[in-house]
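Listed after this line are the structures, all set down as structure tokens.
One chain, subunit A, appears in both complexes that follow, with subunit B as partner in the first and subunit C in the second.
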Partner chain A sequence: MDFSIILRTVGSLALISGVLSVIISVAEKVLNNYGTCELDINEGQKKLSVQGGSSLLSTLAGEKIFIPSACGGKATCGLCKVQVLEGAGPLLPTEEPYISEQERADHVRLSCQIKVKGNMRLMIPEELFNIREFNCTLESITDMTYDIKRLRMKLPAGETINFKAGQFMQFYTKPYGKVKEEVFRAYSISSKASEHDYLELLIRLVPGGICTTYVHTALKEGDQVRLSGPYGDFYLRGDCEELIMIAGGSGLAPIRSLVYDVIEKGLPHKMRFFFGANTVRDLYYMEEFAQIEQEYPQFKFIPCVARPEPEDNWTGDTGFVTVALQNQVDTGEGKEAYLCGSPGMLDACIKILKEKGFTDQTIFYDKF
Partner chain B sequence: MPQISPFIIFFASIITSNMILSNFLGMCSYLSVSSEYKTATGLGMAVTLVLVMTTVINWVVYKFVILPLEIEYLQYIIFIMVIAALVQILEMGMDRYMPDLHAKLGIFLPLITVNCAILGVTLFMVIRSYGFSQSLMFSLGSGLGWWLAINMLAAIREKLKNAKLPPGISGPALSFIITGIMAMAFIGFSGIFTIQ
Partner chain C sequence: MKENPKKEQFRDTMEEGELVKDGFLGEDERPVDEIIAADQALLAGAGFTAERIGAAMRTLTRQGMAGMGEEVDAGEYLVKAEEYMGLIGCPFKDNHRAAKRNTTATRKSTGRAMMWTDLGIHLIQKHGFFQGKGSPYRLEPLELAAFLGLEAE
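And then the complex of A and B:
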């Protein structure tokens, strides 16, 4: 076989593909270069300077704003919806199946399909905008009761968190002992919403629980912990005169944050906090809440112990929290109820509250 | 081969040598994107545009690269590479300078890369030794003919949406039958002009 044919074949193919790839790269550089684009998010709340040319979804991800997306940008899940007020161009055929008439009128677009080609004005829900990952340092781990620990974590230097009192974080464990995989669980934030560089969680040991066992046995002060958030729609609505708060065990966490939120913002709401515990051993934060009660007449703290021992000299309410609720709350009028605790307790309380005239619109709860 | 007038080639490639109805090329997008008249129009437009551009460029490549280097046996590979590269660049350029048009045609462009009508026209051009103007008119005519055929099928399919059809025949089966009838109807024109 003639050697020159092979040479010519390989040579000309290489030449032609080389020329074509050079043309494509040059075209990409010239045509796909949209320079620096300004993204204005939520009416000037945040302004980003980004490199144009990629999809809005990946551009935002590059700026650590995570829009939920399941399909990874193929326009098949329709989750990555974002309101684009300006700069998105016409609706694409690939978007049409996922955008309703109403959404079309609201300028809702699929962020994976539209490309950043110039300055854009977007609206991103506050929650999404806020969800981030934090690699915190565990500053202290304190026993609150025999089975509840308080974790106080410092955010990385320079980072801050904005959350609504009552929201929760996801806590990621590291592999330990026999558990080889990372797991994550949700825990309500118990620290004040005004504290932007620290997070506190209250974690009760659940026998056999992977995450709580990790927290109670493996975690040490100074460890790095990974959190993401804030998530959730359990936060103050405040469209009323009085707030009835009910918690059991570590359900105290979001309520503590809520109480401080109302006080620090100087809101006029009266508050009654029913805290249910099985025994006196299960009570914690007692001094702190007694202190708040003294300083702020708008706040009443009502701890209820179901089974106090005679030697405890318990002088407060005795019996389940439902009993106190039944006796001390007269009507649901002008009140909102905020509940956090075990499903059993919550269901019993919600039943009583509904009998007293509370509705689904005035009862807010976090079940765990 | 005698020189045929480019205008004869133009009309023949629309009607008597229609890419779909007489050569059965570019069938897959023809069948899958013909359920709505509007999208069919978009695809037809995109195919016509890409056909003209690729055929012209492939003619230049054939004349000035493949023939001088005597690498005719590589023409398939080279033509496909040129088509793919061109569609890429076309998409980027359209996105940049004609965003409205890109919004309409953008999703069809990647589909067209693998549309066999595109390669078919280039290969016919080589087999029939067309000159530049003949190739230009041939590609334009073939594109318009493809567009005409997909629009006709889409129009019929839209009408059929309201028709009561036996379940066994609806869907792709009916599309094939309609295409067959359309092809037979187009044979009726064959006496007017012939190019092959």
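And then the complex of A and C:
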């Protein structure tokens, strides 16, 4: 075969594929260009002109309206619900598991799943307008255990935050390594609600986790970190005499904030904090809670270690936190329970609490 | 397992840094459907199915969960199921949400240990996806079947 024919054929094919790529790229831009869309929020209270094409969650975040989300828009937490009265289209299969019949009737949607493709009419709870974004400076990053780090972040000069003890923040990563895009995850605030210019988070390394790996391997003191919040309805109700607090691992974070809140506000509640750990090396903040216990007789700290080693000389409760709970809490009467930990621990503790008379109205925990 | 010939459409979600840091594909450049088909052919030839393997993994994980992070004796195996806060969605976008749980099972008779996640079980049992070659969580189907002590059918 003549070499020039081969060259011409290859050239023609390259030209055709080049033209096709241009057509596809232009078509994509035209088809996905939803232009400017109008968002009417709370019956005309707020009107926004936004560029269509992105999820409602990220579009609103771009307008500094932050809807709670723990999973970073991956449709696994179901927190980012918003009432969309018009313009959302039919319910998507990815939303179905999270939307109850009543919510469906009320036009509730997952804002991370629906795209802004035209004008929309939304209802957003007033309190979400108070959620703000903070560009903080990471003042310190401290190893609390072999897999939990404490981040202490200073808010920008002149800025302050008001949050309820127990609430959480969304923490945004920067691209790192092979992670090309920013992601965000939810972490409970561990610092005191009375401290308005700092935020502390406790972050446990999750094997393979994008955000926790970023915190544990890429983040350095002095780095700028972006947060938004505060979010969540895990906070003190206090319609009781005693608070039963239960945590494992980094679940200690919101409980620490709650304990300080009760103490600093001079509330009369008794508090018992059951902190579960598998080994002694999983324990942290031991001295601090022992100190609080000494100073405030209303507070009792009960660390439980499932498997202490002989050389640990462990003198506290031995066994799972569920055992301590079973043996040391008699009844749910006059008590509220506040829990934070892994789903398995939560399930096991909630089962015991309900057997003792606690109800859905007296048990509080974050579902992420 | 229900056949879905269009799993390649989920490739983007499986890349590194999308759902999980290391992704689900490793260095495997084959289309996702091809990865699944190749593993399925291996299993079929040896008399196993992904559903049976997934079910056996789930049984061990459930036994391990009783230990709440501690190793438990589960007959032929020692099993430890470690949990983290939060949930993770399936990259095939089927609405499944898995707990962030890692199970390590050690076969007492051989000392051989294997590790998997709850999401990994779902991927195997529902999608026949053992993950791409080089993925840190890939489990070789026939090795896994042997490890689990499954009889060929």
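In this text, the second predicted complex is superposed on the first by the 238 of 368 C-alpha atoms of A that agree within 3 Å, B and C clash if a C-alpha of one lies under 4 Å from a C-alpha of the other, contacts with A are read in each partner's own complex, and residues count from 1 in each chain.
Heads up, the rule we're going with is that a contact is a pair of C-beta atoms (placed from the backbone, for glycine too) under 8 Å apart; a residue touches a chain by one contact, two chains touch by 3 or more.
For clarity, every value in this text was computed on a predicted model and none was experimentally measured.
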Which of subunit B and subunit C A:Thr94 touches, first, second, both or neither: both
Which of subunit B and subunit C A:Arg8 touches, first, second, both or neither: first
Partner chain(s) touched by A:Pro254 [first = subunit B, second = subunit C, both, neither]: neither
A:Ala348 touches, of subunit B and subunit C: first, second, both or neither? second
Residue contacts with subunit A in the superposition, subunit B compared against subunit C: C
Partner chain(s) touched by A:Lys178 [first = subunit B, second = subunit C, both, neither]: second
Touched partner set for A:Lys115, first subunit B, second subunit C, both or neither: first
Touching partner for A:Gly332 - first (subunit B), second (subunit C), both, neither: neither
Which of subunit B and subunit C A:Pro230 touches, first, second, both or neither: neither
Interface residues of subunit A shared between complexes with subunit B and subunit C: 93-94
Subunit B-touching residues of subunit A, taken from the complex the two chains share: 8-9, 12-13, 16-17, 20-21, 23-24, 27-28, 31-32, 89-94, 115, 117
Complex contact set, residues of subunit B against subunit A: 39, 42, 65, 69-71, 73-74, 77-78, 81-82, 85, 88-89, 92-93, 95-96, 99-100, 103-104, 106-107
Subunit C to subunit A touching residues, read off their complex: 16-17, 19-22, 65, 68-70, 81, 83-89, 93, 95, 97, 99-102, 117, 136-137
In the complex with subunit C, residue positions of subunit A that touch it: 70-71, 74-77, 93-94, 96-97, 177-181, 185, 204, 206-210, 213, 249-251, 276, 278, 306-307, 320, 322, 341-345, 348, 368
